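Step one of this worksheet: look at the structure below.
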Amino acid sequence: MARTVIPFGPQHPVFPEPIQLKLECEDERIVGVVPVIGYISRGIEKAAELNPFRNNIFLCERVCGICSFMHALCYCQGIEDMMKVEVPSRARFLRVFWAELSRMHSHLLWLGLLADSFGFESLFMQVWRAREIILDISEMTSGHRIIQSTNVIGGVRRDIDEEMAQKVEEMLAQFKELADRSILPTILNDPTIKERTVGKGILTKEQAELLAAVGPTLRGSGVASDMRMTEYAAYKEIGFEPIVETAGDSYARTLVRVKEIYQSLDIILKALSMMPEGDIAVRVTGRPEGEVVSRVEQPRGELIYYVKGNGTANLERLKIGTPTFANIPSLLVMLPGCELADVPVITLSIDPCIACCER
Amino acid sequence: MAIIFIAAIVVTPFIGGLLRGIDRKLTAHMQGRIGPPIQQPFYDIIKLFSKSQIITTRSPLLLVYGYLLFIVAAVVLFALKQDLLMLILVLGVADVLLVMGSFSTRSPYSQIGSNRELLQMFSYEPILILASIAIYMETGSFLISRIQQPLLPTLWPVYLALLIALIILMRKSPFDISASEHAHQEIVRGIFTEYSGLYLGLIELAHWYELVLVLAVISLLWTAGVWPGILLALFSWFIVLIIDNINARLTWSWMIRTSWVAGIGLSILNIIGLRLFGG
Amino acid sequence: MNWIARSRAKSPWLLHYDCGSCNGCDIEILACLTPLYDIERFGIVNMGNPKHADILLVTGPANHPNYRVLKNLYEQMPEPKVVVVVGSCGCTGGVFHNCPNILGGIDKVIPVDVYVPGCAAKPEAIIDGVVLALEKLKNGK
Amino acid sequence: MTASLIGIAILFPFAAGFVCLTLKNHKARAGVVFLSAIVLIATSILFFSQGTFPLGYTPSHEWDMAIFVLDYLLMAYFLYLGLNDFFRNGIKIRNVSTIGLVLVQAISLALFEFSWAPELPITVEPALFIDHLSLIMCLIICIIGSLICIYGIKYMQDHEKHLGLEKTKQNWFFFYMVMFLGAMNGIVFANNILWLYFFWEVTTLCCYALIRHDETPEAIESGFRALWMNLIGGVGFVVAIILAFNSYGTLSLITLISNPTPFLLLPLAFLFLAALTKSAQVPFQGWLLGAMVAPVPVSALLHSSTMVKAGVYLAVRIAPAFWGTSLSAMIAVFGGFTFMAAAILAISQSEAKRVLAYSTISNLGLIILCAGINTPLAITAAIMLIIFHAISKGLLFLCVGNIEHNIWSKNIEDMQGLVRRLPLITGITIAGMISMLLAPFGVLISKWAAIEAAGASASLLSPLILLFLVIGSAATTVFWVKWIGRFLSEVPSTEGLKMEPFSPLYHTPVMLLIGGAVVLSILIAPVYNWLVSPAVGTFYLTTVSTQSWFFRSAIGCFVAWPLFIVLAAALVVPSLFVKTKPERIRAAYMCGENVEYDTPQFRSVADDKFELQLGGVYLEEDLGEKKLDKWFKVIALIILLVLFVVVLV
Amino acid sequence: MPWMLPTIMKNLFSRPVTRRYPYVKRPPFPEARGKLHFDTEKCNLCGACSRICPANAIIVDKEGRTIKYNPFACIYCGNCVEGCPKKAITMDILYSPPAIQKEEEVITFPPSTK
């Protein structure tokens, strides 16, 4: 039978970022996939050894613009661990606030892209319209729409006062109203969306565990694993239950993320209401020495920073383990057997972040 | 006759372009946006005509003219109230030439797009032919000039089937699989990938003709006076816009299933009905 | 002539290519398409296909594998075309200036017409940049 | 004059065939083939211009006797073939069914002739009857068949060179090829059903011999399959003869047709069975697909002017006899089903000749459908389809043969971008496909007439027929266009086209054929007036007028020549305007990872260059032979069964 | 299917949410991070900002008494603002405008009075 071998990417309208999938199809059925990564490899890990360790925060924030806060958080928590710094509890709550805010923004962004990948333009527009509210909150509280840049070693750089908290709550209510009205019912009920996602790209629980999937990809397959269960930052006080779906297909992963948007909304409101008074940062002096592994739950899954310091201003080694990289093996299991039209949907269902993946 | 001839060639693209402009405006409003000005399609086409030409291979360029000319021929045939079935076959010629054109470059996406376009033809052509036969059964002739009575009361299942064909022909969700209006799709504008500049403009122009032609065919279902037919066509067009905005794009296998089961099924049932209960 | 210039300025189609940015500018470009900013008001459509595009929006600094992709894409765009670089890292290298795999700004690979600074550039800035580019496009470059 | 022309048309090919058989020298044999081709073409044209039709002609009674004897000799030979295979290879479906069917045929014919028939041999006045339908068939056979034989001269040389044969078998090849034409002329001229039956069996013999020509196991298997499947038709023929004679007392075909009675339906149904085995309709399509192992001229001959056309000729010939009956409607359903089934199966085929074979089966189904609809417009469509299909299909087979001898492959996927490597022959092939596929060419005008006729048909089954018709024609578009797409799929290049060397024996026949297809399509009105209209008019009231060369029926109108002007404009205008300068040429879009503009490669894993591969759509999983073939056969058998039940009731 | 229908109908019959940007400008939030301004009065050209700038966007020339600030390299993080011992750097709430040429901004200081 005639075989088609085509490049899918790097410049492809489905992917905002460059990645190539070398697809082999028969008719339009995928029989083989080879991912080609490295298009946006910048060498951040190496560059981090050249910079002073405090400047690395800004570099880590720009590993990935969508989850920039998480990268900085993970890096700062690692350094704080290494230097035995006790972060003030208000700072920990603020970190949760921004972390969940960027999770919401990331999931909404992804939901829009998913809608666009199966040609549901009006849903894409609705989702991104709702997302603008979240970005406004981000700009209002941190000074920038996406790159919040509020982490420092020892705490956070900005505070949220009463008035601002009030405003945030109002805006979140506005967001919730919009999401409840137009986004949620469509995703839960629309038969054409289900046609495109249900049963597409199935990853069983066993496969997910074997291939070390992380994040919503893993939780969509029925494994309750979430780094927030390790109770970093203020998750212990706020309390956290992971969201799990069992079907393991694209729709399950979609549901996990949609539910997480609502969960994050609750966590943000809780964090705002429970936020204790106090300092937002402690002054950290000295230089990092030793090695440490720091883990946080990024919107896409588990993010790992391995940091090794040698007592100088520069780090000896920084290693970043990103969730997209961990999810690519699962993607390669999901894709064969599907149709070409499903490739964007399934690929997006792991929420690939190539910038993270390739650093 | 000469006046109709020239009017059909000259006026049709303006109507088509205007409809496209309103289409984009309405779609934008449905999505909560302002959208481009209504004359936007004309800006687009003039810009496309003025771009420098880059080409891959020669044959697509030759075939694009054929595509345009045959669609114009079909429009003229309609304006002169000729045979409806022949008109559909001529429309088929135009589409085949387009597909051949984008097959002519060894480019992954234009080939996949052409394959899909073929499957689209596979889906909508039977519906159009059956519709022409159903119209024949009511009027006793395939000639458009013989249609004098409102057909919608007896041919409403055919009308529903034609709506499916209209979605496919307007390249709208859920059947915009060969080259979508929505840019973020898996085959990069599929069938149009390798066309650029002037030739993309010609294709766009042909689309305007095609849009008006297909709407005109739908308007045949209600020919009491001028306005009811036009209103019916515009109503169908608006329905398609709404369907476009409330659906995800589906796969080609789903498209063939739907258009065959629903489209052909409805048309055939209608024809059986006409056969059994008079007509 | 006047009509052509007018139409060119009224109907710029975009091609977006991410050359290695952090994603921040990319999603801001996408955000420009969405209801709040809606650059389709200016006739701008995100095409995703170099052969249909008039404006190449590049984000991020150039690196080795991207270098040739960017060149290919630029070559496949028909004249008149303009290149808009979005983000500080695409303009000069920015925060990635000392990363080992980075060649530097996009202007080391293809001629750049408009630089949009920012990290990440705001949608407003991107719209301003594209409007600047339209002037160039109007005159047929 | 006419008598001698008839004699030449039938007997000369037999004689020329025997001469070919004895000649060992290639050049002399080629000369004989060439000569007989010219004689046949001249004969048919003279016949067309001289004769007044319809005319009856009865040769002397010795011929009746000769045919009576030869009939049994032929059956004896078939029996020998079956037994020979049985003793060599043991029990197999092919030899058992051959032996069984021959015995049934021989015994029932013998019983009939020796015990029931009043005289021996049964004579009919006139023995030969020639009207415009026969004349059209004769023109097709003589002109297209002869061109194929001429093409065969060079083709078989190359073919045997490629196979590396030491001893040429071309004398046998041309013996059967040329004789085939004579037998076909016999079929279309015969009025005595016994004569018709004899020539019918001769074509079966020729077909069998030509299919197994290469003597590979597959060829032998396919040859036997063709033999026994056609013998089923032979049995149908014998039964029809007996029944017709029983209820009518005569074997004059023309008498049967012009005086239809309800008694006649059963013999007609059996004649139809014979016709549809010969025309390889589903469920008997197996033999024609198997026949694809034969050399290309054989396929071309079988598909365009001989063999399968005999079947549809018979169907169209006997159509007036079952006008308005339920048999007619069932025949239309049967034909329509074949049209659809074969077109759908063709989509999943990747071998060029199999696609062509399915397309033939499909088009023959359409002709039978038209015969079944049985209105003047439908019969017009059927006859025009016979003409135009013969030209285009003969052409396409010859083209594929030529392509095969250039690339040594028959797989469609290997023909990618052939338009650059072999521009001349590929261009002609594409033109030939377009003539099968697009309005305003003859095949599409016929299809248009068929659809309108089906729509206008008063039968209660017409919605079913329409369903088959629309799905079938949509599927037809798919498999042709995707093949054309393979041809066209070329890589950007700054070099101009270079024509391949012109080879007269290869290229002249195809050029004549494509010229014929185009000219006849443009001249559809005169063609209709001179040929088709009288042929239809023998038994029907013609309803088509050709005022200002529009093809105008009572219910519709096809304007062919204005569309040709559009087509001409579509070819001329761009060639004036489109200028390709080398500096404007760019690579195809490959997501930015194209390597060079003139290589179909992209960069991928580990920065390596990878070949871009593009396969067509085959829908193997949904519409593949494996999945659908058996269902189609079952449904067709059921339709056939219903057909006979309807006739009996 | 109809689940999106209420939303699009509501959108169709209400005013679009689009902000007509170049004509209607929304003021940025007061906390927004934008272009840098150097206060020549307060600055003593110590070079701390240059050392801690992650993007190498500030080059301090002590002898020539100039600061070269490249807005096309600046990542608007605010690190220099916080790190300046004299609090001589402030951040505008407006972004740097796009330009056709990458021009560095050169801030020249009056000659030293000490």
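Lettered A, B, C, D and E in written order, each chain numbered from 1.
Definition applied: a contact is a pair of C-beta atoms (placed from the backbone, for glycine too) under 8 Å apart; a residue touches a chain by one contact, two chains touch by 3 or more.
Just so we're clear, the structure is a prediction, and the values are computed from it rather than from any experiment.
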item: Set of chains adjacent to chain B and to chain C; value: A, D, E
item: Chain located farthest away, centre of chain B as origin (C-alpha); value: E
item: Most remote chain, CA-based centroid, reference being chain A; value: D
item: Most centrally placed chain, judged by C-alpha centres; value: B
item: Between chain A and chain E, centroid-to-centroid distance (C-alpha), Å; value: 27
item: Distance from the mean Cα position of chain B to that of chain A, given in whole angstrom; value: 42
item: Between chain A and chain C, centroid-to-centroid distance (C-alpha), Å; value: 26
item: Between chain D and chain E, centroid-to-centroid distance (C-alpha), Å; value: 79
item: Where chain B touches two or more other chains at once, by residue number; value: 28, 30-35, 52-54, 108-109, 115, 183-184, 188, 193-194, 245-247, 253
item: Residues within chain C bordering two or more other chains; value: 17, 34-36, 38, 41, 46-51, 65, 69, 73, 76, 89, 95, 98, 119, 122
item: Junction residues of chain E, two or more chains touched; value: 1, 3-4, 8, 16-18, 20, 54-55, 75-77
item: Interchain pairs in contact, sorted by label; value: A-B, A-C, A-D, A-E, B-C, B-D, B-E, C-D, C-E
item: Interface residues, chain D side, partner chain A - complex; value: 350, 413, 590-593, 602-605, 610-621
item: Residues of chain E defined as touching chain A within the complex; value: 1, 3-4, 6-8, 17, 28-29, 31-33, 52, 54-55, 75-79, 82
item: Chain E-touching residues of chain C, taken from the complex the two chains share; value: 35-38, 41, 84, 88-89, 91-95, 97-98, 105, 107, 113-119, 121-125, 127-129, 131-132, 136
item: For the chain A and chain E complex, residues of the former touching the latter; value: 51-52, 54-55, 58-59, 61-62, 120, 122-123, 126, 129, 136, 139-144, 149, 157-158, 181-182, 185-186, 189-192
item: Touching residues on chain B, where the partner in the complex is chain D; value: 52-59, 61-62, 64-66, 69-70, 73, 77, 82-83, 85-86, 89-90, 92-93, 96-97, 99-100, 103-111, 114-115, 118-119, 121-123, 125-126, 129-130, 133, 136-137, 140-143, 188, 193-194, 253, 260, 264, 268, 271-272, 275-276
